[in-house]
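For reference, the structure I am asking about is given below.
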Amino acid sequence: MSQLAGASGARPMDRLRDALPRIVLSPSVAIVAVFVYGFILFTIYLSFTNSRILPDYELVGWRNYHNLFRIRAWNTAVVNLAIFGLLYIAICCCLGLFLAILLDQRIRAEGFIRTIYLYPMALSFIVTGVAWKWFLNPGIGLQAVVRGWGFENFSFTWITDGKMAIYTIVIAAVWQTSGFVMAMFLAGLRGIDNEMLKAAQIDGASSFVLYRRIVIPQLRPAFMSAFVVLAHMAIKSYDLVIALTGGGPGTATELPATFMYSYTFTRNQMGIGAASAVIMLMTIAAIIVPYLWSELREKK
Amino acid sequence: MGFLDITRATKSYGALKVLHETDISVEEGEFLVLVGPSGCGKSTLLNMIAGLEEVTSGDIAIRGRSMKGVKPADRNIAMVFQSYALYPNMSVRGNISFGMEMHGIARPERERRIAEVAELLQIGQLLDRKPGQLSGGQRQRVAMGRALVREPDVFLFDEPLSNLDAKLRVDMRTEIKKLHQKLGTTIIYVTHDQIEALTLSTRIAVMYDGHVQQLGTPREIYDNPANMFVAGFMGSPSMNLFPARVVAGRDGPAAEIVLAGGGSAQLPFAQGRMTDQVGREIVLGIRPEAITDRDGADRNSRAVHEVEALVEITEPAGSDTFVATQIGGRDVTGRLRADVQVAAGQRFSFAFNMEKAVAFDPRTERRIG
Amino acid sequence: MMPGVSMDNPVAARSRGFSPGRIVLYLILGLFCLYYLLPLYVMAVNSVKPLSEITSGGMMSLPDEWTLAPWRAAWSQAQVGVEATGLRPYFMNSILMVVPAVALSTIMGALNGYVLTKWAFRGSTVLFGLLLFGCFIPFQMVLIPMARMLGLMGLAGSVAGLVFVHVVYGIGFSTLYFRNYYAAFPTELVRAAQIDGAGFFRIFWRILLPSSGPIAVVCIIWQFTNIWNDFLFGASFSDFDSQPMTVALNNLVQSSTGVREYNVHFAGAIMAALPTLLVYIVAGRFFVRGLMAGSVKG
Amino acid sequence: MRGFSRILGAAALAATAGMASAGDVEVLHWWTSGGEAAALNVLREDLQKQGIGWQDMPVAGGGGTQAMTVLRARVTAGNPPTAVQMLGFDITDWAREGALANLNDIAAKNGWDSVVPAALQKFSKFDGQWVAVPVNVHSTNWVWANKAIMDKLGISQPETWDEFVAALQAAKDAGYVALAHGGQAWQEATIFDAVAMSTGGPDFYKAAFIDLDEDALGSDTMKTVFDRMATLRGFVDDNFSGRDWNLATAMVINGEAAFQLMGDWAKGEFLNAGKQPGKDFLCYRFPGTQNQVTFNSDQFAMFRQGDKVSPEQAALAEAILSPGFQIAFNKVKGSVPARTDLDVSELDACGQQGYKEFKAAAASGNLYGSFAHGHANPAAVKNAMYDVITAHFNGEYDSATAVKELVTAVQLAR
């Protein structure tokens, strides 16, 4: 809606009133301009300096980027983010959708079950990391328990296996957020026109066809919201890795966020840390910006 | 046994009875309208016919076959919904074809039928669009196309026109009627709009409070309402209902009414009516078109009586002028020719066509004569 | 059309009762309940055991000897700094930080959403996109420049500074929620109010805000969870007297070269999570409704 | 440095929002567990007697990395704590930024130069100025053994690598976990530290880890070190990944495992479990490093709070190196005092032995900063080495590749 028409700028009060929406929005814009985009510029600048323990403003050209790509852990981190991000988002969406569909079948005690599915989101990984670590630990966790039941050959040693450890991160991350995604899909399902379901029933669609061809395609907005939330979580996954594996075994579960932290703060190579942050931001932008663009433009 | 038989069907949700025992028999090719206000049970009944809701007791049969346990998809019905219920993710073609696909109809046959329906409804140019890109009227057509293409035994319409604007609604109404005449398929049609009911149907079931109040042709319903509800609900402006007392008049029974501004008058009943009801308090029902000016009165009627009363308000409506007065404390509207000169505050001589008058029991609200 | 009754999902309605399919359905739901509850079980069960039972193995089993001592210790006796204060003093710090931060970011989000939907101007969509992209900035990256800015603003090491930081990085999501919610809000009502002579703020205050309950719940749950659980900012931008709960919990749990009292750790962990759990349980009912009303619509 | 002075300028403008008020000291540290914190409380009470308030700023996690992050934020904001617990090269790095106070007057008054070993002074001083005060000295090249298992299998204290391997093999054959170990980079590096010292001797250790000499890093000796790490890997159980060191210690305590290679802080776990040194468990230097002590030393770096050292800061610095506190603290912490002129009869047997060895090593030039704990090279190099060591230990590299990667990693990190 546009502002009320009228002779604009006739009197100062009117002019003020016309400008009010912009004035209200401006603190947020100013804050974000400085604290997001200003900081991004600052980081870009840092990535070209020889900053170590604290920012240093002497430029060193592309050296940090050059070094960054020679560091093996960075490659591991990027590959891991791809694996983790894809699996995490995909599994969360599938599981969330699956559970939402099940919960949408007029379940008794739905509210109770929903709360159980949702609660992990309320806990920080400082809290649950230790529990997960124990559970995944072959010596004391799941493997030990199942073997205790008499299945001596049962083996679940992913967390100790450099090739599989990243998947344990996925398991724990899915545990944390899939309930939230479920709630989003449930909301989406509840929003679907009831008559449409009747129409499909009369058309003879089985439940499976109904969901696959009619209901799920209509959950696109829910998918999109879930994607934004999940992508943002995947990119920021830090506590999780630190609590669960500390990036190990070896560097097997290093993610860009842990890499960045480690180089900036633990290894006192702030320049390389900044370079990794810039690369990471560019990657995020490459994925998110087209999405935002299409979503926002479409609404006009 | 008819084409579609509803026998002693009821519907309850726990203790809540939303449809009382209902018997309706529909012949092949009939256009039955279920009409009534919100919550009267008409949509529930339609959903029961569709199989979207279970029948609590009683039975519904199509072509003599009981529909108990038969899935909606296997009843050979098609339904058009109020919200159109088009699948937003599919094109118009996809929407129309979906039901056939589900019923395993081969692609060439599907294509043929889609083309046929598109031709019939003139939606050929819309086939590749998504529902979101269509106007309300176009969506309505697509929704009908989706139903038509199934070539069902029975079409079910659930308030299909209520989301359209007034002009379009009238156009579509006409089209649905034409379509029915052309195809001759059985139609069950739910609406809360009594004009739709009267214009479209071959028969009407007026519903209220979970009961079928009256089942009959539009004319029967209009002229001989079974009770005060039907009388008040059907017709626009609705039938005037006001208290009266049956007295023995000069030429037989007459209705004594109390006029606005004091004084009373007698309206003799048509020949042979209400003879055994003298002394009884009744509610008299007369449609506005039976209360006219002297020259506008039905010349064929032999029971036109004039009563002078105070005009309270006049509403010129182009072709007619509606004039209101009060009888027995109730507002009563008469329909006068447009060129009658009358103004509020005047006294005017209204001509009552008593052949069209009906009488109800004030307590049971049933028709007594 | 019986309101409330005809709203049944017809697909679901068909399969009520206890058919075999239904039993499988409940079984699956139950299995997932186990999956979600498992870590909580591990934590809860170990928080009521003596330490010796834990270190001698059997971390998954029920305690032989039940004890509440770890809970008491975590609350008021455990060592989280040089003084054995337990987590108790830090609760207040967290609350002093969380409540204003959630309130402020929610109000700003609501106002932004209002402007962006009902008073949109040229370029406002682009501005929204820019706000939203801010959600994706990795927090590790902003730590140093943010510290510098807080120093410049004189907010370093203060509760106000922490609140500020959380508001800054909460704006994106809260604006997103409210914007999507208000987009579905009938603009006619706003127009009508304008014609009645209501001004910008009055319309917001009297017309939009009263009907913002569901989305406010979503926004509050989201912000509360994120801010309450934040460690990085809480540790970096607080002072000795304003450290939030998570820092204390971290100090309790992460000791470098000392004895680890796992039972106390778990008790503390559950304790620290109680406020968020409470928010989820109390407001959870409105959560799906709020999501439905707002964030999942295009 | 220019950058830093600019920050300080900004901070001065910022009116020192949350700075420790006069009469108080704010101390950032990561000693939050019972024993450590109780030990530090001794210091707090000392100061309180002098009328100086203690503002506690504990941030645990990652062996101090979390605290270092917080420190970075605090300093950048112009709000540095009075004193910060720090390890090794971090002190040097911060001193280089010009953020630390000059304690030379206090040092001169208390004669620190003569009582603190040179190897420690290397970190406590920068450019000839005292900037930090050592609290304790941990030594890292210890072997912890379960005495019951030793007795049962007839294993005596191994003196050489081969004897050690034989002992491990014997334990393994007897069905024990031979080596209790937690799969975290720093734990692996701790072992690597000892193995390197044992394999190559002090000169090799100094060349490779302190001087970062590429010849030493890429030498055959280094390959042998990696080979020996692989050998040790064979004696570790399967579930070691991510295990905390104290859980590994618990395995030795419970008699599940025979040995653990860990710094002297492990002693606290044994004592806490009611075990007695010499009776229930044994502690000795890693075979082949009997004469060397690799150490890490917790120090409190003093941050500049203006132009001169405040009386409170001075009092804190003095209190930390005071004999009374050194004894009281280290008795609880399991480490040894950082000054060589004390009577340690209050310490337990392991502590006394450790102090004797520490003094001897300091006197004979055999006291080396532990690379695994940031006392041989800067954090960047240390962590780069961690990456290679842990990758090799987890089987991602063979020894030859590991040597090559080590050289590259060090090049990149310098």
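Here the chain labels run A, B, C and D in written order, and each chain numbers its own residues starting at 1.
One rule holds for everything that comes next: contacts are C-beta pairs under 8 Å (C-beta built on N, C-alpha and C of every residue); 3 or more make two chains touch, one makes a residue touch a chain.
Every value quoted in this text rests on a predicted model; they were computed, and no experiment measured them.
Contact tally for A-B versus A-C: the pair with more C-beta pairs in contact is A-C.
When chain centres are set by their Cα atoms, the one at the greatest distance from chain C is B.
Per-chain CA centroids place chain A at a distance of 56 Å from chain B.
Mean C-alpha positions place chain A and chain C at a centre distance of 15 Å.
In whole angstrom, the spacing between the mean C-alpha positions of chain A and chain D is 37. For the pair chain C and chain D, the distance between C-alpha centroids works out to 38 Å.
Shared interface positions of chain C, i.e. residues touching 2 or more other chains, are given as 6, 10, 13, 57, 143-144, 146, 232, 250, 253.
For chain A, the set of residues touching two or more other chains reads 54-55, 140, 198, 201, 220, 261, 265.
Contact of a single residue of chain B with at least two other chains is seen at positions 47, 52. Within the complex formed with chain C, the chain D residues making contact are 7, 10-11, 13-15, 17-18, 26, 30-38, 40-41, 43-44, 54-64, 66, 69-70, 72-74, 76-79, 138, 244, 246-247, 250, 253-254, 263, 265, 268-269, 272-273, 333.
Listed in rising order, the residues of chain A touching chain B in the complex are 193, 195-196, 198-206, 209, 213-214, 217-218, 220. On the chain C side of its complex with chain D, the touching residues are 55-57, 78-84, 143-144, 146-148, 150-158, 232, 235-237, 239-241, 243, 247, 250-261. Residues 6-13, 15-16, 25-26, 28-29, 32-33, 35-40, 42-43, 57, 59-60, 108, 111-112, 114-116, 118-121, 124-125, 127-146, 149, 167-169, 171-172, 175-176, 183, 187, 190-191, 194, 199-200, 225, 228-232, 246, 249-250, 253, 262, 265-266, 269-270, 272-273, 276-277, 279-281, 284-285, 287-289, 291-292, 295-298 of chain C are the ones that touch chain A when the two sit in their complex. Residues 47, 50-52, 71-74, 77-79, 81-90, 98-99, 102-103, 146, 158 of chain B touch chain A in their complex.
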